[in-house]
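So, here's a batch of structures to check.
Shared between the two complexes below is subunit A, which has subunit B as its partner in the first and subunit C in the second.
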Partner chain A sequence: MNIKKYIKIYSLFLYTSIASELEYKTNLIIDFITAILSLVGSIFLLTIFFQNTDNIGGWNFEQALVIQGIYTILNGITNTWFNPNLTEIVKHIREGTLDFVLIKPIDSQFFISLKKIAPSGFLEIIIGFVLLFYCISINQININLGFLFLCLTTLFCSIVILYSLWFLISTTTIWFVKTWNATEVLRSFLYIGRFPLSSFSFSLRIFFSIFIPIAFITTIPSEVFIGIAQIWEISFEIIVAGIFFIVSRKFWFFALKYYTSASS
Partner chain B sequence: MFNLNKNKLTTLLKVQYSNMLEYRVEIALWAISGIIPFFMLNIWTNNNLNESINLSNVMLSRYFLSAFFVRQFSVVWVVFTFEEDALLGKISPYLIQPLNPFFRYLAQHIAEQITRFPFAIIIALIFFLINPESIWIPSLGLFLLSCLSTFFSFLIQFLIQSIIACFCFWTEKASSIERLLFIPTLFLSGLLAPVISFPEYVKSWIYITPFPYLIDFPANMLSGNNTNVISGFVMQIFWISLLLPIFKRIWSLGTKKYTAMGS
Partner chain C sequence: MEDNIIQVTNLSKSFDISSKEPGVKGTLKHFFKRETKSIEVIKNVNFQIKKGEIVGFLGANGAGKTTILKILCGLIYPSKGKLSVADYLPYKRRPNFLKKITLIMGQKQQLIWDLPPIESFYLNAAIYDIEKFEAKKRIKKLSDMLEIEKELYIPVRKLSLGQRMKSELLAALIHKPNILFLDEPTLGLDINAQRNLRKFLQIYNKETDATICLTSHYMKDITSLCKRVICIHEGCITYDGKLDKLLKRISPVKDILIICKTDKDAKELSNSGFIIKNKSQKEITITIKKDSIKSTLKKILNKFDIEDLYINEPPVDEIIGNILIKKKL
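Moving on, here comes the complex of A and B:
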């Protein structure tokens, strides 16, 4: 692996996809408004929940806002990188253009996962961080280096888990051809990440920890953020992220063995 | 303008139904992706949030199951199909045919709903297995009325999306407008929380907008919760009769503006 080469290629990817996205400037503005509205809607839903109670699942309103912030950041990352690229896999396989990817002297997972970028997601990431900064003041959080390090580590692990989930599901396209809808199922399940895991019943909590680890994706980083996370949770998240990433990569190469190109 | 008869309608439906049957797995996945109301129900009952709005657990679970059903049979995606067809230039051959292409899309949606029906029933059965106390049989009259209002809800959303889809004639990428409009639909229609639980400052104006009539009104009727049947139908018909002429107008403006591929 030549890291310099990959950085250079990635900057070229960035340049071309931003250039093509900027052709649709009004779309950018509309997507920005959509991101804000969707956050407003979620906070509206939270205020409904908190109308007559001061906590759901042990989280008060200010703490629940942290989850919204983390969710918004992760959703922004999904919209910027995962969604535009991984839905493209379906197209590659249906139209047989995956061949052109595989013959390139470059890692196929790298190419497929990072080729495109949708800049409108950046705005969502920024909104998420703004909300988190606001949460720092209303939750009276002391910032120090250790805290920042833990926050960034868990957030990074969440991104890795999220990416691996998307990539695993998209890879199944090699057998089923059309998994566009499977990612839609994943999306609707991820929606649960807007709420603390402890607000669900026991059986759903198990489901969202083992089958679809939404618990790890938003709840643990938020717990770290408000300072109630346990050490074992953090280390567990790091391990899960590692396993997910390795499995998704192995699964991709395993699936490629079954790929029969367009004409064979 | 519409130029439709019974023969064309049944042929369209038959063709689209057999087409949709080929995509059974996909449609099953779509049905699964609609289960958000059940997660919401779990949050509501697990935290006893429903005590404040005077809805028992059983009534609330019936409400959310009905909301799931109403949503299943009122999902609209015409703008995405139309956008793709417009970008790929497929609209031109459709325009030559003596039939408004939106009837083709309408038939697609109805055929998809028919295909979806068994999957929705299976999900409901699983729901009843987990929550046996929430089983109920609505009276025949209310059942038929809620089917009708679900269809009206579908029509309202279909018209709104078709109007947005016509923007493709000017901007090519209209689906982002639809995603924008989907946000208020998601939060205000009653899919995630029944409208009755909304704070007063929202309840004071929401009943003038089309949103509560998309899910909350049919779901309340189906689940046997309190709702004003007459004013609900009046508002649904009001919105349909308002949107239909707008659609006709924008369609005729758009087709004049349309330049086929290569011109």
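Moving on, here comes the complex of A and C:
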């Protein structure tokens, strides 16, 4: 893979997406306001929970705020990249416009996963990081290079798991043509990621760790952040992320053999 | 044959297609127990195309033309058979193969809807490893040829269908492909836009010696661009050869427009046992076999008072329309 070429193409994707969004100023402003209101709503919900109890699943309010920060960043990434691109896969396949992607000398997974961005999601990512910086001060966390490296690694792995899951579901469109609902269910499950994994019952913990590792993708980076993560948890997340990504990629190329395109 | 850029041998393609009975019962049955049948849409097809040739694929809707084009582009995996396009196996979609081909679909678009076409051209240039300076030169040349210099800077959503199609063509040709697959490129365009597009394709073919495979329901596209046609009926090739030869073979009839001097003659003529194609007052069009022209004309001129007379070939659309529904030609 020619990295230089892909960086150049990605910079053009960024430019064309932002330029397209700027064509509709009002829509962009509304998106920004929605992002802020959504965060205010989430924190309000968290304060209601903590009004009656000191901790949820062993996490106090200040620690739970870290999960909220990680969730906000992931939600921002979902809104910026996954939502505009991965929901389009269904449209590409139904309408046959995937043809234009497949006849280009470029990695098709790269193209359909990163072609568009929704800039309003940037705000959520920034707010998420601001919340994490606030958490550093209220939780009195010492920052060092090792801490930063582990935080970013686990966060990156969480993004990879979430992306791969979404991409896997979208790929099944090649056979089932319409899988909007499945990706919507995945989005709904993402809301569960706002609460620590330990706040769920044992069976739900197993379900959300193994079958749909949503809670797991916010809990482990948050545990790293507040310094309570186990090494095995971090290694497990890295392995799961690697496996999910490889499977999503292999599955995509396998599925393309069954692509029939749409009739003219 | 070495100069064959496309070689197809015993190509077949099957699709699993589910059918549904009407009504609530049918819908429930379709939901719970879907019956799928494997349908062979392309059956043992063989053909070769030489470099620089323009070949028209003719067939009714659902005959398999677009499926063949998409297999040749590498978009659809064939079920059986051998094929080679520019010495590559299309379905492997090697980057060097993809740089040699292009696909233009009249009913689908790849340009970024909210931005001027020039932005999509630069994006395509980057994807095809074309330097910005070279891309600028190619855009200038192609936009001159297509006469869309001004439209390059207007958002795609504001362009007319004709301007959009020209822009689509430019986006698809920026990498100078050797093989063009065109699936109904003039669909929905007005007569002038259709003519301009055909003119452009003729010039492009002449200048670059590019091979063009074309499907179209507008017969003018086929007759003005393609010397050779491949007729497809229910997934089988029913004819592969020169268009002229086909028209001569398939249409052994001529139309004669007869303008009678009086209504009485016109009435008598229309009741004389000829095959009447059209009739309006004193003008009657009859269809006769080519080998009976002399005797028929003699009979008409002797019997009726004729003001004028024209002998025509039946319209190409009509002949080709008949070709599309014939199993054997």
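Rule of thumb we're sticking to: the second predicted complex is superposed on the first by the 261 of 264 C-alpha atoms of A that agree within 3 Å, B and C clash if a C-alpha of one lies under 4 Å from a C-alpha of the other, contacts with A are read in each partner's own complex, and residues count from 1 in each chain.
Methods note: contacts are C-beta pairs under 8 Å (C-beta built on N, C-alpha and C of every residue); 3 or more make two chains touch, one makes a residue touch a chain.
Predicted model only: the values in this text are computed from it and were never measured.
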Partner chain in contact with A:216 - subunit B first, subunit C second, else both or neither: neither
Broader residue contact with subunit A after superposition on the shared chain, subunit B or subunit C: B
First (subunit B), second (subunit C), both or neither touched by A:8: second
Touching partner for A:56 - first (subunit B), second (subunit C), both, neither: first
Which superposed partner A:45 touches (first subunit B, second subunit C, both, neither): first
Subunit B versus subunit C as contact partner of A:82, first or second or both or neither: neither
Contacts of A:31 with subunit B and subunit C, given as first, second, both or neither: first
Which superposed partner A:188 touches (first subunit B, second subunit C, both, neither): first
Which of subunit B and subunit C A:260 touches, first, second, both or neither: second
Contacts on subunit A seen with subunit B and repeated with subunit C across the two complexes: 24
Subunit C-facing residues of subunit A, complex: 5, 8-9, 12-13, 16, 19-20, 23-24, 95-97, 99-100, 102-106, 257-261, 263-264
Subunit B residues touching subunit A - in the complex, by the definition given at the top: 23, 25-26, 29-30, 32-36, 39, 42-43, 46-49, 51-52, 171, 173, 176-177, 179-180, 183-184, 186-187, 192-193, 197-199, 202
Subunit A contact footprint on subunit C (complex, rising order): 15, 62, 66, 70, 73-77, 93, 95-96, 98-99, 101-103, 105-110, 112-115, 119-120, 122-124, 126-129, 155, 183-184
Footprint of subunit B on subunit A - complex, ascending: 24, 26-27, 30-31, 33-34, 37-38, 41-42, 44-45, 47-49, 51-53, 56-57, 176, 178, 180-182, 184-185, 187-188, 191-192, 195, 199-201, 204
